[in-house]
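Should a chain be cited, it is by its letter among A, B and C, assigned in written order, with residues numbered from 1 in that chain.
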Amino acid sequence: MTTTAIKPRRHKPKRSTVLTIGMLAAAAYFLLPLFWLVVASSKTSEDLFSTFGLWFSDEFNLFANIKLTLTQDDGVFLKWLWNTLLYAVTAAGGGALLAALAGYGFSKYRFKGNRTMFLIVLGAVMVPTTALAIPTYLVFSEIGLADTPWAIILPSLVNPFGLLLMRVYVEAAVPDSLLEAARIDGASELRIFFQVVLRLLAPGFATVLLFALVHTWNNYFLPLIMLNDPELYPITVGLARWQGQAAAAGGASGDLVPLVITGSLLSIIPLVIAFLFLQRYWQSGLVAGAVKQ
Amino acid sequence: MTATTQTRNRQEGPRPSTPTARKLRRGRALAGYMFVAPFMIVFLLMFLVPLLYAAYFSLFREQLVGGNVFVGLENYTRAFGDEQLWTGIARVCLFFLIQVPIMLVAALAFALALDTGLVRLKRTTRLGIFVPYAVPGVIATLMWGFLYGPDFGPFAQLAEKIGMSAPDFLGPDLMLGSLANIVFWEFTGYNMVILFAALRSVPTEIYEAAAVDGAGQWRIAWSIKIPALKGALAVCMIFSIIGAFQLFNEPQLMQSLAPTVIDAAYTPNLYAYNLAFVGQEYNYAAAVSFVLGLVILVGSYAFMFATNRRSRR
Amino acid sequence: MNPRFSRRTGLTAALAGPLALAACGRHTVDPPKSVTQDQIDEAMRTPTELNFWTWVPDIEKEVALFQDAYPAISVDIVNAGQGNPHYAKLRTALRAGNGAPDVAQLEFQMIPSFVITEDLLDLGPYGAAAIGDQFVEFAWSQVSGPNGEVWAIPQDTGPMGMLYREDIFQAHGIEVPATWDDFAAAAQRLHEADPEVYLTNFAPSQGAFFAAMLWQAGADPFGGSEGPDLNVDLTSPEAEKVARYWGELSEQDLISVDADFNDQWYQALNKGKYATWIAPAWAPTFLQSAAASTSGLWRVAPLPQWEAGQAVSSNWGGSTSAVMATTRNPIAAAVFAQFINTDPQSTATMANEQFLYPPTKALLEDPAFTGQQLEFYGGQEVNGLFAEIGTTVAPDFQWAPFQDKVYADFTATVGTGVAEKTDAFAAMEAWQARIEEYAKYQGFTVRKP
């Protein structure tokens, strides 16, 4: 490889067909199960269990299924969707901001306990919390948080991964010289953060925001244990409830299987839109320009 | 990475010790606390307090008959001698050794390929690879479970059509691999995006200079990009360790498809869950969770120690 | 450091100990000897809000009937999940001492599991002691305690029968098996005729099915247990007979061993992989939606018997309404639990609109219910057949006070043993050993009769 002859390179490299095909093949693998989901969402429950899974059946029932999903139980699905949106956006927005503040603080300031606190945060992530739902519930119930939206939003504000990522970003993207210059200009520490640093952190911030969004969106176990009121359910718990009803051994079941599948499809769409939107964000040349100093 | 070392040097360098400088430093420390305080307060209340309470909880034993007694570390001694727990830990170790390297290498390859700018339909492919991350684990497992189906799954049906029999994805031999595939599917894009974002923050002048010097894409990737990704890769690695050892959703849901393959203690986290919610052994489940946390901590620390030593050499 | 935290004295108290927390937060009803009609009337006139956890869809209809009868009481319905998630939440809320419902749906097999933790209110003093004869015997005995307690009111049941594919039977000239011996012979014949089709499927994780099999054979593994004294006998001759029977069918590959209630299983039902489903009275309606493409092909017959000429069945599934001991409104809750499960209109709605198979004699003797002809079953009067079967369910069968754990261990031992064609009786011994060990750990005194 070292012997490659010196050749003039154009500014834009030539596209590679082999690489493109390889990447498209990879993308096909990643999209295959989703294709199944779309196909399955277009079937009646009868066809769902009696026709080949990876292709559409004669009857295209997608819109009827969507209508059923949105109207089942007086339109509770939309309520769940709204709850999820509320939890995810507040938790992700707040969580990303807290992570950015703390990541910056840990990275750029020397204070007592800096390293210890950071390590405690990372250490706490190591303990799986699934089986600790009961003690957690007891504590939350004692502070009066159980069965409120706060029981979902507040814990989701803590995003140790976001913190770690933010710290890495700050170290890479925020030059000390810039901070010194701002200080010499007499800017306060907070002002420096909000007016100078936050802009530099935009790509990292967008990443953390997105991850936190997905994390809260997909949160299942915490709301399952914490929430009793179905009016507060997020979509994951709601769908699991339908799923349970669909497979109800020992009782009545409606034709809920298509609803679970269509509901799954519908619940993914907002996230895909968020991805598209935030992806453009990383793309922007502004970010690349800011990172270079 | 170069930026990091610069920062470090500057921080640790000798400082003038004039009174104003000291005052300034104290002010800076205060500002530091101010920045980390919101996160730490929420962390303390929402994470650490329940965790500490659970730790306390793990020192008791509550029986269905006979009530609650303080047993000190008895739950922990039981955990250290619990064969089911350690079989599960061994299994997730194996899972980790198979799944994580494949996933990270694939993620790295995808990120590098996209970063070269040689790929057409770049946005589409990137979104395609990343989109599974947006799919809740519950739905991901539902979908793959269907695809794996031994009688009526599409793979099985296609194989039947050409007169072959599809591998038994849900059988005891392939189950771990089938689970690894689901996790690979869900998280490769996620890791790719982290690596890709990290690549974007490497100043492009360095590549351009290298390209002018005649380095090919391979050489640039190997000598410039991958070293620059060390930090991000370490982040991915640590979180993959945690993810693998805390494996729960996927095996729990696959259990309904293959109950004889995935038992209650298939992964340690599943075991802890079943102890708490099926066996009502809440205290012991808490102890098992902390033992598992300790194992993960040791594993992560060992990894960081190993990579730090290597990078120092 | 953080004043908001130190002010939380409640939390500090909570940290004093798990027991302290349970004790300080938890209030339970002291069950009275008897409750007078005046007390009941007064309570039912007092504006009260009840919280009811159930996963029965559209239960609003029955609740509306109750609220018409008692306008002062309003009922808040919560679907907290079905089966295990429901119980996980219920247990959590009961421990915390707040957030638990007044009334909750409990499946029959879970009653002793909540009795042992003293979470259920005895409904006897609240009028329930007098309504026992409205229910079929086996259902009532399932909710009754050894000292005459009434722990819950039956909501629906699942007497066991056999759903079979008439077309498959006819195609291979198979008679409907009357005994388990006939059933085994038919399994062999069918599988030889068409290796793609199995006479039935044994789901290795369906402890409830196996319990029903034990029940029919006269094994009562936990029978006679009381409080801390637990009987465990899974190796009795009756239990051994059942285990060996299914073990041998599987060993000879005459039955399939697929997990049930998942996508593959639904597909298999639709595509005719199983010629029978040995299933309870709620199954016919379930099958109508789960295997819609096979409409008209199914018929229902009684459960095959161990001895020719006998008629013994058992029960799988069904639920009850139980009142939690933590309720603040014991009278209203108890009246509610009784009302929705005994009021003629309410029970009829459950049977005809939610398709819950009724436990009340009134409905089971009502021709409007038993005479319904189901097209899916070729016009057969399925409800009527199950009503007959229901009278043959043996009344004596007791559940363990930790039945969910018993089922989990079943899957790990016997279920896996049958599926993997290993010695089924050895698996029963392993099951027994696991339960004994667990029971001892939980503080029970284990006896093996």
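What we mean here is this: a contact is a pair of C-beta atoms (placed from the backbone, for glycine too) under 8 Å apart; a residue touches a chain by one contact, two chains touch by 3 or more.
Note that this is a predicted model, so its numbers are computed, not measured.
Chemist: Can you name the chains that touch subunit A as well as subunit C?
Modeler: Common contact partners of subunit A and subunit C, which must touch each of the two, are B.
Chemist: Could you pull out the chain whose C-alpha mean position is farthest off from that of subunit B?
Modeler: Computed centres place C farthest from subunit B.
Chemist: Would you mind pulling out the distance in Å between where the CA atoms of subunit B average out and where those of subunit C do?
Modeler: 40
Chemist: Please report how many Å separate the Cα centroid of subunit A from that of subunit B, as a whole number.
Modeler: 15
Chemist: Residue numbers in subunit B touching 2 or more other chains?
Modeler: Within subunit B, residues 45, 49, 53, 57, 146, 152-153, 277 contact more than one other chain.
Chemist: Two-or-more-chain contact residues of subunit A, please, as numbers and ranges.
Modeler: Residues 133-135, 138-139, 143, 240 of subunit A each touch two or more of the other chains.
Chemist: Please output the residue numbers of subunit C that touch at least 2 other chains, ranges allowed.
Modeler: 11, 14, 18, 88, 261-263, 267, 271
Chemist: Can you check the complex and tell me which residues of subunit A touch subunit B?
Modeler: These residues of subunit A touch subunit B: 1-2, 4-7, 9, 12-17, 19-20, 22-24, 26-34, 36-37, 40, 52-54, 98-99, 101-102, 104-112, 114, 117, 120-136, 138-140, 143, 154-155, 157-158, 160-161, 163-165, 168-169, 171-173, 175-176, 189-190, 193, 203-204, 207, 211, 214, 217-218, 220, 236, 239-240, 264, 267-268, 271-272, 274-276, 279, 282, 287-288, 291-293.
Chemist: Which part of subunit B faces subunit A closely enough to touch in the complex?
Modeler: Per the stated touch rule, the residues are 1, 3-4, 6-7, 10-11, 25, 28-36, 38-40, 42-43, 45-51, 53-54, 57, 106, 110, 113-114, 116-121, 123-140, 142-144, 146-147, 152-154, 157, 185, 188-190, 193-194, 197-198, 200-201, 203-205, 211-212, 214-219, 231-232, 235, 238-239, 242, 245-246, 248-249, 268-269, 272-273, 275-277, 282, 285-286, 288-290, 292-294, 296-297, 300.
Chemist: Quick one: in the complex, what on subunit C touches subunit A?
Modeler: Contacts found on subunit C: 8, 10-11, 14, 18, 21, 25, 53, 55-57, 78-83, 85, 88-89, 92-93, 95-99, 107, 156, 158, 208, 260-263, 266-267, 269-271, 280, 282, 285-286, 289-293, 316-319, 354-356.
Chemist: Using the touch definition up top, name the residues of subunit C that touch subunit B in the complex.
Modeler: Answer in residue numbers: 2, 5, 11, 14-15, 17-19, 84, 88, 91, 116-117, 204-205, 227-228, 257-259, 261-264, 267-268, 271, 273, 401-402, 404-405, 408, 411-412, 415-416, 419-420, 438, 441-444.
Chemist: Using the touch definition up top, name the residues of subunit A that touch subunit C in the complex.
Modeler: Within the complex, subunit A contacts subunit C at residues 45-46, 48-50, 133-135, 137-139, 141-143, 146-147, 224-225, 228-230, 237, 240-241, 244-245, 247-255, 257.
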